[in-house]
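Note that chain A is present in both complexes that follow, paired respectively with chain B and with chain C.
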Partner chain A sequence: MAAKGVVNEHSLVGKNGVSTQHDRNGLRKVQEFCIQNGKIQESRNGSTHHSKEKKRKTVESFEQVPLYTAVMTYLGFYLLMFLGWLNQLLFTPNVAREQNREGYVPLYNRFESFYLRYVYRRVRDCWNIPICSVPGAEVVLKDRITRDYGWTFEFTGTETKCLNLGSYNYLGFAETKGPCAEESAQAIRDFGCAQCSPCQELGTNPLIVELEKLTAEFLGVEDAIVFGMGFGTNALNLPSLLGPGCLVLSDEKNHASLILGLRLSGATIKVFKHNNMKNLEKVLKAAIVKGQPRSRRPWKKILIVVEGIYSMEGSIVKLPEILELKRKYKAYLYVDEAHCIGALGERGRGVVEYFGCNPYDVDILMGTFTKSFGSAGGYIAGSKKLIDYLRINSHAACYASAMSPPVAQQIFTSMSIIMGKDGTMEGLRRIRQLAYNTRYFRERLKKMGVIIYGNQDSPVVPLLVYMFSKIGAVVRTLKQRRIAVVGVGFPATPLMEGRIRICLSAAHTKEQLDAALETFEEIANTLGLRYSQQRRPTDPVLYGVLDKVD
Partner chain B sequence: MANTIFTKQYSDNILYNALVPLYHVCLEVFLLLMVLWLIFHQSYNPNETGDLSKEELQALIDEWTPEELVSDVDQNHRALHPRVITSKAQKYISIDNNKCLNLATHNYLNFVGNEIIEKSAIDTIHKYGVGSCGPRGFYGTVDVHLDLENKLAEFMEMEEAVVYSYGFSTIASAIPAYAKRSDVIFVDEKVNFAIQKGLDASRSRLKFFKHNDTNDLESLLLEQAELDKKNPKKANVTRRFLIVEGIYMNTGEICPLPALIELRKKYKLRIFVDESVSFGTLGVTGRGVTEYFDVPKQDVDMIMCSMEWALGTIGGFCVGSSFIVEHQRLSGLGYCFSASLPPLLTVAASKALDIMTKDITIFSDLKDCCELMHSALETINGLKTKSHKHSPVKHLVLSDECVFTIPREEVLYEISNYCIQHGIAVIVPSYLEKVEKFTPTTSIRLTVNNKLSSEEIKQACTVLQEACNALMSH
Partner chain C sequence: MIDKILKFLSYWYLQYELVTCLYVFEPWEKKLLNGIIVIIIALVSYSTYAYLPHYTVSLLSHFNLLNPETGDYQHQIAHVHGSSPRAY
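Up next, the complex of A and B:
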């Protein structure tokens, strides 16, 4: 399986049944020999997939907000708006003003500026915090202070090392040492930092060819195509797959890149309630029966667009039910696995493996390499026919530049490790560690009495704090206690549901998680986060147990 | 009951106030009944499928057959058999193991393959890893990003810069951050695809003017001014934008910036310039089209640029006054919802900028090479050069007079194949004809870099001439 034009000559054989080949152009490739290690058997080309769907018990919780909290949250917002209005009346804002453009129509709309200046500004220091180290299990933050209530910031020159619960590093591949870093460095020496050409022109190099083959093998489908940006993969490929006369059923909580891609495509979009299969079926039925609006012609095709793990909710899509609906109503399915590829499933193959479904049943599998592979970029995988079509018609393939070689090499190396092709158990170990960390952390938080959303297996843990001011308070307090978390509020989430989002990683050790949980326990008291009104579990939480022992 | 209830024994005032006429009572009862009906009646919802029976519904569902997800494609299409680059894309490039002079990838200042840049990128991997693992708002802002933004703002002599993680997204996100549905955008016909996608995402009214034709633009502006006079209220909330490129990727022409600035001032437009090709290539110190025409930078509202051409890395940036650029940090979709640029590519861009600041001979070398190449290309019989002499991107189209032995659509591809086989890499750029607003004419796109010697340029033209001769019928 040499890439076109690459000649392979075996020059040395390493240990563990892994051989490193050097070809005439100095290109290095790790050949995938099967290792004598029963579990790490990787040879999925053309092998039959287990199509028996596991009946997996979905344990998800989205507890309702207590009434008192809801009222206080709204009151809090009104108070902020009122104070902001007073502030605007009495003081001049310390913002840049437009020069030399008198008589021009104003560029920004007034409510937007008001919200930004008087509500968001108060907690602005919780976002865009600069880091100065690798975003691994621990991260070093650059301290900054504001002397004018959030209008401007200054660096103090000091740095704080914090436990990193904010970066997307699910399998811990954000590393500065080790095989990934070494091979990426070598890729720079072999191919430079960038190709400076769109994919269809001169953007293909052997790394990209191998990476596409490996991605297809990883996912268990026929073919895959990779792009340089995850956001761009959605925004630039959906328009080539859809057009006017097509119907898209999109989940309520879909990501901005999906929404942009769907808008650009010109298809009709209908939104269904988040993860609600009854609502989806109702909308599907009504759509097929009614046809296109006004003309009543039948739809050309219907595409259901969902995500694997929703990053703001922590919920996992109900894949078996959607597949059933899809078969019944002859629709197509697009799954965006940005957060679950590498993080779900026994071997990290994503939500399809998690539910034991057949990857051939999902028409379009999309994902990004930013989260679990410690790199950048995105892919689309599926049947060869689909990928051939995209190679010719995708906006990104035709106009956007090809993926950078070191970035591609990082993905290749990390994917090989996850698949066990490096001859070690490292990949499985990381996947296992992430699963243990996720269950343990979630159970412990539930025991504390805080409200967390999402599936028990999702490494994204949103902790609800509801009030806008609490988001700021929690993030700042945790930073002082050397834990870095992410706060999310309106408009990324509903007005009422401010939350702290924690992203777990295989790089976190149990000790680090225990220390973090102790801190959470303390601030749950001081900041009043125990909103849960359900009965708190009393059995001790064990680390390393994935399913409850009967 | 309808008659007066109180007798005349009470005082006149009370008598007057206590009168309850018949019509009043009837009206109140009627209103009460209306309210009760509104609360309890079944609302008419035209979307209900209540009038069809279950079997009919099932029959409709069974009858419906969707189209195929994707249509069949021609297996011989070029995109399915791409050329594989087996070396670095520097001055010489190996295409399918064929070593060629690289006139096809965009490496104008030869930063790809520069050892200083590569060494600093490798050192960055050992400090920051490869990916940044998060968007800018969530611990994805690395100090190298802030460094690069400061350097870019300083280099371009503007207040602030924003760095994106992909060149295409930079331009496609920057435009819709400012232009909304009720606005109007005046844009050149031959803009590149990224700008077109930005225009689509903004949903504004678009007015295309002929390529580099300021008279056509002025006539469109006059039309708009007429509309404004008729409806001044609407005119006060309609923002007007003018979007052009410094050097057009699709034609290699330079925009007439001074004339455009005059129009901007006269008709109160905001001008955004896409300097992807002109950044680092025009002007004595490489600061782009504003330096080339000696236009003050404050006259341009915002400059957008992809770092994927002159700077030899991945990503893009927008630079302008803080008032304008700061807005993108919360409204630029490609900035807020995407992971940030990997640190190693950011450092590569930083180092490239350092080189650009210190050594300005690279720009004069590039200018000389562009002019030499232009004059050499004009001597080729069979091909016409359609670009500005200072542009590093040259487009060659078939001469009208010449006749070829194969259909005209295929000639340029055959010329490109011949050249690659004979050591000169030139390509025909690919376009999506069905999606482009105004499909550019098929051409050969040649890029110039600043280390070409005159012998190499001569050699390139010789090979191009041979290719043409082989295909021309005499």
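Up next, the complex of A and C:
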């Protein structure tokens, strides 16, 4: 310890939260450290979060469609409608017909059934493809052919193993082997397959209680409640938080579950332009000034509903600006972190950690376990008061069946791995790999000259193809080349913006991504996908570099 | 050589099919639409071949843009006065 009269300083670094002693020239300094995933974080006021928000430079791109492409897309749709009308006139569709219904009002919406039968049906083989294996980095698709252009399908009996760029498997926890799978199988032996009861009756078991505690610790808030279904979490909890007389500001591109929940609640909904803070402020101001619809009274509650990562755009919400607005106008904030929990941030804690904000500032944190944890279900996290209220008043807690034990155990194990509680660096490795994969893939695609939307850090990459026929062509050609992707068209996206959505994963290796990118390069040539009119970056793309090296 | 031409043509035919959404149609619909387009192109080319030269000449002369060549000039005056060359 002492050598030649000089006292060496040494630090004893212990386990989480244990204070260490720092000897320096006789002065003892006691500091508390918290070690998780090998990263040492200072603890301040009992919480291990930086209260200073990082100034993050958002690099987002939403390039405009070239005019020629827009015109031809519309013309293509007109042609489709014309031929659909011709088909409808000349041939009877190959669908079930109702008997003895003369004079009755048709059961289905006319335009929807027309679109389904004469537009969607033509490329229907690109969707609903059955899979025969776990959707990890590679997935096995069951082949099927159609002899009558999409009305019926037959299985050929063969299966194709493809690189999986379509599943929400951000951290690669969709595996059949490994600690998660083993512990989930053990949970079935311990607790059975189903709870057979809602949470408020006989549905809570020790697994769910532990999971809720772990979720709250993961997010850095007081308490959390979990539900069996992610969509149901949104749709069934918003009605219990809001009612008529409340004001909701919801982003243009919010998910269907949020829209359903908001409509069910009966609150007044005002929509603001996607990720546009000026428009949000304008709409908020106007709505507050006007008051409730007929009585002009002040609103009972104001809630801003946004998502962390928008899955169709790949854009990340501007959280610091929204928090400022929220404080200024005394509104509550609801962030749906379905796609970013586990995928964003240095330790995978979602969009709040990505921006360095305090999770106590966001009033209601919602997320799903489907994407990064390889499981199913959703959670809501926040202050204990909020969660106690939801435990009693939420429709999902009262009527929906509780989360099944193996599902809960899978989430518990994967979350412990991400947090580093299993003692390995596996969680951090997965988060880093996802970050490297995301940057690398996006940079390479931009270099190729295709238009991709979204923030450079979002693992959801929408590749714009615009035309309806190209969605079908790209998905089919990629499937032939052993890559499975998801094509998205109208009504999920605007009419003119057909896209191919690629979801990256920590399970993908650089070699797999390189092979996929080569295929994309060939397809961009043969099918004509290079729409970008901006200058293409010429510097070589490095793997494993997260910040631009000057 | 023939291979190259065929490859070139098939590439451009695929692009044409993708852009006009013909790629997703059934064969009889493709034949119908291609047939309509071919008929329109045929009609336009026939009428171009048959009527365009005469129309161009009369349009240019209406705007007095033609050179004063012998036959055309007479034709031009007659046209301007709205009467045949024999009138005077």
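Note that in this section the second predicted complex is superposed on the first by the 497 of 550 C-alpha atoms of A that agree within 3 Å, B and C clash if a C-alpha of one lies under 4 Å from a C-alpha of the other, contacts with A are read in each partner's own complex, and residues count from 1 in each chain.
Rule of thumb we're sticking to: a residue touches a chain if its C-beta (ideal position, glycine included) is under 8 Å from a C-beta of that chain, and two chains touch if they have at least 3 such contacts.
Remember, it's a predicted structure, so these values are computed and weren't measured experimentally.
> Touching A:R122, do we find chain B (first), chain C (second), both, or neither?
Only chain C; A:R122 stays clear of chain B.
> May I ask you to decide whether A:L238 touches chain B, chain C, both, or neither, giving the answer as first, second, both or neither?
Touch partners of A:L238: none, neither chain B nor chain C.
> For A:M366, select first, second, both or neither according to whether it touches chain B, chain C, the two together, or no partner.
neither
> Between chain B (first) and chain C (second), which does A:L83 come into contact with in this model arrangement: first, second, both, or neither?
second
> Should A:A435 be classified as contacting the first partner (chain B), the second (chain C), both, or neither?
After superposing on A, A:A435 lies clear of both chain B and chain C.
> After the superposition on A, what does A:F468 contact: first (chain B), second (chain C), both or neither?
second
> On chain A, what residues does chain B touch that chain C touches as well?
Residues common to the chain A contacts of chain C and of chain B do not exist here, since the sets are disjoint.
> Show which residues of chain C lie in contact with chain A when the two form their complex.
Per the touch definition, chain C meets chain A at residues 11, 14-15, 17-26, 29, 33.
> For chain A, which residues count as touching chain C in their complex?
Contacts found on chain A: 72, 75-77, 79-80, 83, 87, 122-123, 149, 467-470, 472-473, 526-528.
> If you look only at chain B, which of its residues touch chain A in the complex?
Touching chain A: residues 47, 49, 52, 57, 60-61, 64-73, 75, 77-80, 82-90, 93-97, 104-107, 112-113, 117-118, 121-122, 125-134, 136-143, 145-146, 159, 165-169, 172, 178, 192-194, 197, 200-201, 235-240, 268, 270, 298, 306, 308-309, 312-314, 321-324, 326-327, 329-330, 333-334, 336-339, 341-342, 344-345, 348, 425, 427, 429-432, 435 of chain B.
> Hey, which residues of chain A end up touching chain B in the complex?
3-6, 25, 27, 95-101, 103-105, 107-108, 116, 127-136, 139, 141-142, 164, 166-169, 173-177, 180-181, 184-185, 188-206, 209, 228-232, 235-236, 239-241, 255-257, 260, 263-264, 285-286, 288-290, 298-302, 329-332, 363-364, 368-371, 373-376, 385-386, 388-393, 395-401, 404, 406-407, 410, 484, 486
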